[in-house]
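All chains are identified by letter, namely A, B, C and D, in their written order; residue positions are counted from 1 within each chain.
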Amino acid sequence: MEVALKQQKRRASYWSAAWGRFKKNKMAVVGLIYIIIIIIVSIFTPWIAPYPYDEPHYAHTFEKPSAKFWWGTDDLGRCMFSRNLYAMRNALLIGFGSQIVVLIIGVIIGSIAGFRGGRVDTILMRITDIMYAFPTFLFNVILVTVMGRGLFTILVAVGVTGWAGMARLVRGMVMYLKHADFVEAARALGSKEGYIIRKYILPNMLGPIIVSLAFGIPNGIWIESGLALIGMGVRPPMPSWGNMIGAGIGYIMAFPHMVIFPVLTFALTLLAFTYVGDGLRDALNPRSEV
Amino acid sequence: MGLVKYILRRLFTIFVSLIAVIIITYILMWIAPGEFFNIAQFQASAGKVATLTPEQLQVLIKGFEEKYGLNVPLWKQILNYLKDAFRFKFGPSFSNPNEPIEVQIARRFPVTLTLAILSMTLAVIVGIPLGIIAALKRNTWIDYISMFFSMIGSIIPAYTIGVIMVIIFSVYLRVLPTSGWETPKQMIMPVICVALGPMAVIARFMRSSLLDVLNQDYIRTAYSKGGTDRAVIIRHALRNSLIPIVTIIGPQLAFLFTGTVWIENLFRVPGLGQLFVNAASMRDYPLLVTSTFILSLSVMLMNLLVDIIYAFLDPRIKYE
Amino acid sequence: MPELLLVKNLRKYFPRGRKLLRAVDNVSFSIDPGETLGLVGESGSGKSTLGRTVLRLLEPNDGEIIFDGIDIRRLKGDDLRQIRMFMQIIFQDPLASLNPHMTIGQAIEDPLIIHNIGTKEQRRRAVMELLDIVGIGREFIDSFPHEFSGGQQQRVGIARALALNPKFIVCDEPVSSLDVSIGAQIVSLLYELKRQFKLSYLFISHDLAVVKYLSDKVAVMYLGTFVELAPKEELYGNPLHPYTRALLASVPKMPKNGGRQRKFPALKGEIPSSVDLPSGCRFQSRCEYVMDICRREEPIFREVSPGHFVSCHLV
Amino acid sequence: MAELLKVNNLRTYFYRNEGVVKAVDGISYKLDYGETLGIVGESGSGKTVSVLSLLGLIRRNGRVEGGEAIFDGKDLLKLSKEELREIRGKDISIIFQDPMTSLNPIMRIGIQIMEPLIWHRLLSDKDARDRAIELLRVVGIPEYKTRFLDYPFQFSGGMRQRVMIAMALACNPKLVIADEPTTALDVTIRAQILNLMHEMKEKLNMSIIFITHDITLAMNFCDTIIVMYAGKIVEYSSIEKFIKNPLHPYSQGLLNSTLDIEKKEGSLRPIPGNPPNLINPPEGCRFHPRCSYVQEICKEKEPELREIEEKHKVACHLVKGGNLNA
């Protein structure tokens, strides 16, 4: 990526200019590096993890961190480090996966509302407004109760309840863009609607959508752990930060390491995504370039 | 008068959305894999039925269906539920057949409401001044520190903060109890945990809103008229910057009730959130529908209250 | 010579709740090839809506638009897109009129791509020539609009409009967001282009002086309708409608040797809303000569001398 | 006539990431009681900053770097924050450009007019209220008694500008600064506001600094004119002298760029090029890259503002003996 950018230096593209602004934000860069590392780790988790996530070592229950078990063991003597890696993998899967669902629903509803306008718009936006101010976590729980507690169903449940912000964003942009002067100009030039959408509307929507997704991923991770905490997340023994924290709470007085490690990795991951989101927002914000 | 019309319109919206919530929840229950109620669980709760013949079981199930009004088509069930709901009668739950749901709700609702109101109050009375101070002292260490903590508070979930607080205050310092909801001391940690997220969001939003307002032309006008910093900030900047804050309090309320669900479980607070989670884990559908209904209703009514405050803050609303 | 553009009884309404906002209400005019019609009006007069409706960027509610003998209201799909090669638009806010994701080269080339004209090589040469014409250095071909000043951005907008060799360009307040010296450059450029390429403009502006400089004839718009339309010299020399007179009187003139003006004969009141139009003459609420008939009957837009149309009971 | 304000060598810089913007770079002028001074320039010429600097009303990243501004015997630039506040709104008030954004949207306009009276402890609440109502009547707001309690969004642009004027006049200031007061308004409304301002000036005998980009307007409305370019004064003259004999090539260019109803077709002679970047302004005369008379000396030496004749100063090397010798 770096090399390609250097070659294009004379012709600074819109995106490389944004990358230039992103690079200036140190926290965002650190966050991005962290995220790239955990994504790679997650892909290769089965080969990296020292033990399977569900392998008990009954002789080593509640062990403090050691050379054998880097982050200690839990009540069944399972390796906390390995379990954390798998929890991270699940969290990323749900974080990214749920945002794909959010993207699909949000873009469809938002663009229909924005392009059609009128009564369709009013109805869709009423629904969106209700979703926006509704404790959607309740629906998450109900959906998971109904559909079961698999990774995929959780991911869908998080996505199905989390699209209101995206729909609003897309609608707002469509409303603005479809009458923006440069789109009118393209129309006056005689371009087909498909061409206008492809070359004029979509490129201008991409930035804000990416930013919204960047903030949505930690939110998805967050909800997944929240579900797991109250026993509505992935089925044990599959680990999740939520159920690890939930399980560790009971032993918090005697064995705080069972809680501290998941809490820290969890918090770091959320922080990293949020810093990257902040960086993207500043880099892609059209106002910051004027 | 514009305001009354505005409130009536909002009440109507609430009414429609509540009906939508009930219908959606009901339909979801109905399409759930397995039966509307779980035979195995029913058998377990009835205990002795394991020995019954299939015919006797059928009779029992029939009685069960009658008791819970499941012997009619779905649309009629929903209609019956709606009729009952507006008389505040919800019938018995699966898990506790002898106590009507409304009794359980009536016992637990005050707990959750207290938790929610205390937390929101805390979030507002700390979050807003924090945001104001950060904005007025922008780009100083006060600003950086308060915004760093706000960032943490707004992204780390309430329950994680709860765990950290338990480690600090119960495990190491041993000053606060880990659970319960009887004494004020037991309430401290749950309230703070639920409040932290919304507090952080409010502080961040308040800061950017105030900074935005301070850059407006009318602030310059106020200074040009000879206003002191105090007069300009209090009379012109603050009220204007509070208007966008009110708009985010709605979503924050939803967020806050989500927080109560976790925190009640974490700290074993006997509120609605706990009831809701129990209902979900035991697949107690009547209880699940009703607790969803009550929680949604609370959020919506509080939202309405927020909107009325909004209309008072911003005169433009009343005239539109 | 047949007209290039003939507009008859054009109407464009927008719904406002249960009422209608009559942005353009029964407007008729014609523009000959190479002729420029100036369109003057205050904000809310509907002049920009008229410009966009003529191009069918907004769908008219009623009326005819005949361009080069073709009724463009009947055109659909590809036919409409084809005719758009000949009618273009330049906008008020030059930055907003350019896609932030396209370089200025791409922006100017885009019309040629849309209509599938030339090879890549030919198109690039055409872009270079257009840059020369509007006075932007060729080295800027790969710059982005936001790297430019307002005047340069407007030049790009003009180059894009010229790319397809149009016969007619709607200029929607092209200089009102620019500084005086830069605006003068753009006016001067538009003037040269008009002579060089025999262009017709519909030149929309609130600035009477700019309109006078560029136009052959001028229309004055008030609350969605024309109150006066006349050849330039006639309109500025012999204005008939009270509104036109008031507009002309309220413009400060360059003082010559001590002839300064400190009081301006001002119209009373403000433009009413075009949602609740009064019956009778639309200008009655601000007219100092208002009579009974003005309140009862809407005046007809009629020709009082060759080419000079006015709608006023007093004339 | 007695002197009300004397500005000497004022410099205001803005500190941006890209560098220091020398928005106002050493300007001097004076203003008499009852005089109307027009400051004309294009955006970025420093015309607004040069005046707002005096009252400490520039944006956060800007700073007055030097100079003095003697108003009524006191140097405004050396006053404490509180002393300056005492002057703002009472002795010097401002009418801003955009009446849509310059009024607090959620405060009743009557209260906004009362504020300067109360802040400067001139009147009691009750008297301030009566005075505000009277002011609304004076500036020509119909039904002024009931409109006292209305909010800005219930007024049209022209009416809001009248409210702004009422606010500026509340304390009978000695000096009113009008920052493009008519730019955001329609032609016919503009005429109304100009007439109102003229009427007020006659009645109250105050001094006005009229900031505008419209040189025609300034030439009609003012007694004295300052033409600014890139943070500097290029010409400073009484209106009579300026009408007869505008000397600086930029003033002439601006006049040639300005369209007038009487302008002949094809007579427009725009100035080529764009205004300079004020982080690195051109050496020598800041106008030299766009000047059609440019000579070697213009590129090297910065011209001083010299008195060519009485009440007529020009900053140009090429002006000699009351003429532009090119």
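For this structure, a couple of remarks:
Keep this in mind: contacts are C-beta pairs under 8 Å (C-beta built on N, C-alpha and C of every residue); 3 or more make two chains touch, one makes a residue touch a chain.
Keep in mind that what you see is a predicted model, and the values were worked out from it rather than measured.
Comparing the chain pairs C-D and A-C, the larger number of C-beta pairs in contact belongs to C-D.
Subunit C and subunit D have Cα centroids separated by 32 Å. Chain geometry summary: the mean Cα position of subunit B and that of subunit C are 55 Å apart. Note: centroid distance subunit A to subunit C, computed from Cα atoms, is 49 Å.
Averaged Cα coordinates give subunit A a centre that lies 52 Å from the centre of subunit D.
Looking at which chains touch one another, you get A-B, A-C, B-D, C-D.
Interface of subunit A with subunit B (complex): residues 126, 130, 132-139, 141-148, 218, 222, 225-226, 229-232, 245, 248-249, 252-253, 256, 259-260, 263, 266-267, 270-271, 274. Those residues of subunit A that touch subunit C in the complex are listed here as 10-12, 14, 17, 180-182, 184-192, 195, 199-200, 203-204, 286, 289-290. Remark: subunit B residues 215-218, 220-228, 231, 235-236, 239-240, 243, 313-316, 319 touch subunit D in the complex.
The part of subunit C that touches subunit A in the complex is made up of residues 52, 55, 57, 80-85, 87-89, 91, 93, 96-103, 110-111, 114-115, 142, 144, 146, 157, 160, 164. For subunit D in complex with subunit C, the residues that touch the partner chain are 42-43, 156, 158-159, 186-192, 194-195, 198, 213-217, 219-221, 239-240, 243-244, 253-263, 265-266, 268, 270-272, 274-275.
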